[in-house]
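Below you'll find the structure, written out as structure tokens, and then a few comments.
Chains: A, B, C, D and E, in written order; residue numbering restarts at 1 for each.
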Amino acid sequence: MALSPSLLYGLTGLMLFVIGLAALFTSPQLLGKILAVNIMASGIFLFLITLAHGSGTLIDPVPQAMVLTGIVVSVSSTAVALALLCRIEAAARPPAHLPKKKDEARQG
Amino acid sequence: MAWQNWLLLLILLSSMVPGLIIFTLAESNRGWRTALNLCGAVVKMILVLVMIIGISQGQRFAVALPLLPGVDLVLRADPLSALFVALSSLLWLFTTLYAVAYLEDSPNRSHFFGYFSLCVTVTIGIALAGNLLTFLFFFEMLTLTTYPLVIHRGTAEAMAAGRVYLLYTLTGGLLLFLGVVWLYVLVGEVDFSRQGLLMPLLDGHRPALIGIFCLLISGVGVKAALVPLHGWLPRAMVAPAPVSALLHAVAVVKAGAFGIMRIVLDVYGLPLTSGLGLLMPLMLVATCTILYGSLLALRQDNLKRLLAYSTVSQVSYIVLGITIGNPLAIMGGMVHLIHQGIMKITLFFCAGNIAETLGVHAISRMNGVGRRLPLTMGAFTLAAMGMIGLPPLAGFVSKWYLGLGAINQGEGWLLVVLVLSTLLNAAYFLPIIYRAWFREQEGPWPKDSGAMGLWECHWMLVVPPLLTAAISLLVGLLANSTLSPLAWVRFIVTTRYEPW
Amino acid sequence: MNLSPDSSAWIIWPVVVPLLGAVVCFLYKKKPRLAGHFFAVVTCGTSTVLGWQVLSQGVGRHLLGGWSPPLGISLRADGPAALMVMMTAVTGLGITLYSGGYFQSRLAGDSQDHRFRAQEQSFWPLWLLLWAALNGLFLSGDIFNIYISLELVALSSVGLTVLSGKPPSLVAAMRYLLVSLLGSLTFLLGVGFFYKAHGTLELAVISKALAPTPPVIMALALVSVGLMLKTALFPFHFWLPPAHANALAPVSAILSALVIKGSWYLFYRFWQGGGLLAAVGIVPALLGSVAIIWGAFQAFSQQRLKMLVAYSTVAQIGYLFVAFPLLVDSAGQGRDALFYFAISHSCAKAAMFLAAGTFFLQLGHDRIRDLAGVRQLLPVSSFAFALGGVSLMGLPPSGGFIAKYLLVSKAISQDLWWLALIAVVGSGLTAVYVFRAVSSVLSPHLLEERPLLVVAASMQWSALALALLAIVLGIMAPLPLALLEVT
Amino acid sequence: MVVTAFDMLLCLTLVWLAWHVLASRDLFRAVVLFISFGMLMALGWVRLRAPDLALAEAAIGSGLTGALFLSALRKLAGTTKEKRRLDRDEER
Amino acid sequence: MVNSGRKRVSPAHRPWLLLVLLLLFFAALAWVYLVPGSVPGGLARQVDASLVASGVSSRVTAVLLNFRAYDTLLECFILLLGVMVVWSLRSAGTTEPRQPAVGAILAALERLLLPLMILVAGYLLWAGSSQAGGAFQAGAILGGAGVLLLLDSSPFLDILPKKALVWGITLAPLFFLAVGVAALTQGRPFLTYRFQEASLVIVALEVAAAFSIGLCLATLFAGRLPEYESEPAQDKFAAKRGE
């Protein structure tokens, strides 16, 4: 079977999805996991777009619209994930004024 | 809907509504609580009387509610259910009276009486259930409504007893559930009024029928405290005396025995049960239970535990009567449902009285109780004599018919069992009576609430046992009158189970 | 484009109203509670209209934009969808009333005014948006639209989870978000394969034509795994308990009672066609069986009430999947069992979480051992908790009993004995852990701790109302089942 | 359309970049690589005759998302630095 | 998923197992993807057939804002939702000090780029009805412009009255809903446009969507809820101690 560009890109998309999946499981850092989700999403978008080339010369606009929507959804969830990440880190951080108190105690 | 249909619902509501209202009452609101309870009990008595008169005149009472496609919740009053309903509602009245005084100063009374009323409602539901699923419906609810009563005291012991109780009854419930569903899958609606429903299955589905029977009987057998499923009953003794009375005489154990009656007589029918070869094993279980319960009762020093084992033993007379399978024996078993209830509740009332007034729980400390509490001990003696089966008391009537039935059926060895059990009964009851009346008091009572006016203790603690003891005497003396339970049982047996 | 007058507007209202409500609550920050209640009631009303229309007039279809599928998106209101919308409406209304009291009590009882106010301001729009998204999910007839709705559900659930702001809930929310995103993306990939195989996004076409060709199998597998992840079916359940247990009280109820039902319902939608069920329907059933047992054991070993209830959700999700092999024949009893589990679990679990939240708010903790005596303090909530437990155990009279009955009798009639046994054993195990909590809650001890604050009456009574509904479902089964028949 | 060497190269680069984004322990490097990954994706969209997407990807997928990641990274770096400082304080 | 709080199990051999599994997964996906089957061909033909009735000549825009406008409506709500969640996360958290991280180069770039970006956005919006471009792209560019401004620590989101910001963010969702409900009140299905109005409505929707999307994206980047900027920072710690 001849490999058309759309098939090539589709396979690439699937590969990206799998790589992202792997990283999602193995990445030790939350930020890495969020990046992995983004890569997975990109892979799926690439895969979806190649479906627009299914038959003949006509390009199917529906997958394109789907991907466009998907990109926006993805950025929105990424923003939420990152905000959550910052919040977790901030919560893990010891309160700024506690050490000061310790100092006072030591002095007293 | 005609009034006949409403009547059954009203009978249920007459205890349910007071129960629900009582939940909302404040703890201190003693007057309203008592009034509601007693009103409910009296109203229920009246309604039940109306129903019984109606049944004896040939009226039909039934109400159905569609539960699922092809499955209805049916309430129907047949003579057998009337028997159980009458027992429950009468004894509820007495127990309520008793409980009001018994729990005078203890906490959480609103909860207690709320669940108490619900418990009776559910028991009535079991009695009135018109098909197997309805029976299961109320049977499971009984577990739920009695559990809070069992743990009412909230001590570690009570909580542990509650756990054991749940473990047994819920497991039993699951077995029963499985059996019921299986049966429904096989035949569809299993209505108690359709005799011989399962007969056509005898050829093709023999193993299934046997399996279902085992599931059903072990399911209800837990509540009927058949050996080896009886373990929960003695432990549940930690509950307050009215609860024990309720568990043993009115609701739980009786529901189990009633369930066995329904399953053997109405679902399977005696011909099918014996055709499947299931009567004999069940009879053996019943005899084992009778003897084992009595033997264990012998070894008890705690009065309430003794009574509990006595219940284990006595309830199996009912099962025995059914499994002998001849009209006379069935009559004996059925009438024992009533007789045992009346006698056992008397005993528990008295045991509660002794514990509440004098703080005495152990039999070995009961020396001389008869002097201090003559009325209570009088009632106790009467009921105990009845339990042993002395003529002309209630217990004698039951045992007489059981024996007659056994002889008629050619099962002479059962007479030996009956005599043995009677001897055992005497062996554990007579020492108590002897101690109470003829031994001198040893040292002061652990506590003494003191006499109240004319009465030896709170009058509401004395009157109920006296009344029930009197009734147990009357049902024995007047067994042949048309108003006695025996007459009603004869009516049931001749109209429904004689023909085969 | 079809421009003839359209009489199916009742289908879209249950989506539009809460969407509008979310925006209004977002804009009108002064009294979000008032706006929230108003829109919740209206949503409930429109949902009831939808249920009534479906019951009386049969399946409804709304062609959005006037374009019929496959070009446009259609909403389809059939019996199951209507039942789920109704379930969401009723449970949602109960939770809404509870939330009102919850925020009011906290604001009245604590000086942390600003923090609680901010929580409440975020809560109402998120909750209404979640409600809209769920309704959209139930009604949607287009799989890509379902993907977007799933994302809406996921993001708003995460938003609700983080509201409590405590570190454990934040970490749990992160885990929840990542799992949700993974689920959505897997689902989306499946959508892609479906589109490749069928050239359409219309759910009705796709679920009917589940011919076992490789792309279809792959698509179904991807979609199923994605949805299982989101529903937290064993072994994908790991994210659920911390997320559900550490959230605010009303949020726990929302997540456990409603959110997981969304993805579960879709799972049903994709599998209902039946073609592949006979072959692989056993897989969800096996996973469900393990979930029932495993969840029950985990629930039993928990020390905190909310964790116990959360693990109970894991176990109950098992019930939602265990009946899938029963869908094979068209008699519909398997479906009835599934949906009855779903709706009664929704009411019961919401009631239990709400009651547990009330205990937490009142006592400042939810350690099961130290709950003894809470009955005196919060009689109504305790009763609600116990009644909810009754339904979970499948004891009569309750919706859970009906569901268990339907399931077991169907399983026996198809000779699937292991399934019947699992269901029965599972309900026994449920009883074990439920009574572990209930005996503590109902025990007649006297409580030594002083209550932290006065809880609003609406908190207690809304939980009780939901619990009673779970009970009433046990005796009014013909109505929901009649609704389910409309397909 | 036939596969050109350009397509091949682009696809390989995409996979290679993705691998390095996710394998990199240095988060800053990962984010920078991710942004370039997004840019290349945009090229891919053009090749697939989806200019709408190319625009959106360049602006949102790579640009905005990248900016989001960078700003998150900065905040995280801030917190870790502060944490380290506090740890030091405590040791002292 | 989240490693924090989970034990790492034998990191030595787990990756290999995972790798093999994932490769198998990829092989399965690829095989299914490449297996030749009956290709139904998507919806290109249907879109073309109805394009004239849709009111725009760009096919992607027609799908996004007419055929599948409901998706786009929900998508606007997802952005709104993102803003809500980010705000709620930030409002309860601490506020970071704003660090002006960019130097003179960026400032120069900004002066140059900003007008250009706004111009491009306008062009894209206008072009959207016939060719590549449209609301999303324009919104994205606008959002990018906002991000640039924010990077230079321009306080435009803070200067902007809170009300205006909030209304701006909700403009597209509200407008979408209004269009949809208007159709309902006239007895047409949700989000149905009359043919003669279709182009106009779509353009209006696009403008609103572009504006809101841009604002949302910029807000997502900024992350702060302006209202809480002034709240005392120790609030949270006080709460923590109280627990």
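Before moving on, here are some points about what is shown:
The rule is simple: contacts are C-beta pairs under 8 Å (C-beta built on N, C-alpha and C of every residue); 3 or more make two chains touch, one makes a residue touch a chain.
Computed from a prediction, not measured in an experiment: that's the story for all the values here.
The central chain of the assembly on a C-alpha centroid basis is C. No other pair of chains shares as many C-beta contacts as C-E. One simple way to say how far apart two chains are is to compare their mean CA positions; for chain A and chain D this gives 10 Å. Measuring from the averaged C-alpha position of chain D to that of chain E gives a distance of 18 Å.
Look at where the CA atoms of chain B average out and do the same for chain C: the two points lie 43 Å apart. Here the CA centre of chain C is 37 Å from the CA centre of chain D.
Residue positions of chain D touching 2 or more other chains, listed in rising order: 52, 56, 60, 64, 68, 71, 75.
Among all residues of chain C, those that touch two or more other chains are 144, 148, 151, 155, 158-159, 162, 171, 174, 178, 182, 195-196, 199. Chain pairs recorded as touching, per the definition above, are A-C, A-D, A-E, B-C, C-E, D-E. In the complex of the two chains, the chain C residues touching chain B come out as 372, 375, 379, 383, 390, 393, 395-397, 401-402, 404-406, 408-409, 412-413, 420, 424-425, 427-428, 431, 435, 439, 442-446, 475, 477-478, 481.
Taken together, the chain D residues at the contact with chain E in this complex read 51-52, 54-56, 59-60, 63-64, 67-68, 71, 74-75, 78.
Chain D contributes residues 1-4, 7-8, 11, 14-15, 18-19, 21-23, 27, 30-31, 34, 37-38, 41, 44-45, 47-50, 52-53, 56-57, 60-61, 64-65, 68-69, 71-73, 75-76, 79-80, 82-83, 86, 89-90 to its touches with chain A in the complex. Across the complex, chain C is touched by residues 17, 21, 24, 30, 33-34, 37, 40-41, 44, 47-48, 51, 54, 62-63, 66, 69-70, 73, 76-77, 80-81, 84-85, 87-88, 91-92 of chain A. On the chain A side of its complex with chain D, the touching residues are 3-6, 8-9, 11-12, 15-16, 19-20, 22-23, 27, 29, 31-32, 34-36, 38-39, 42-43, 45-46, 49-50, 52-53, 59, 64, 67-68, 71-72, 74-75, 78-79, 82-83, 85-86, 89-90, 92-94, 96, 99, 102.
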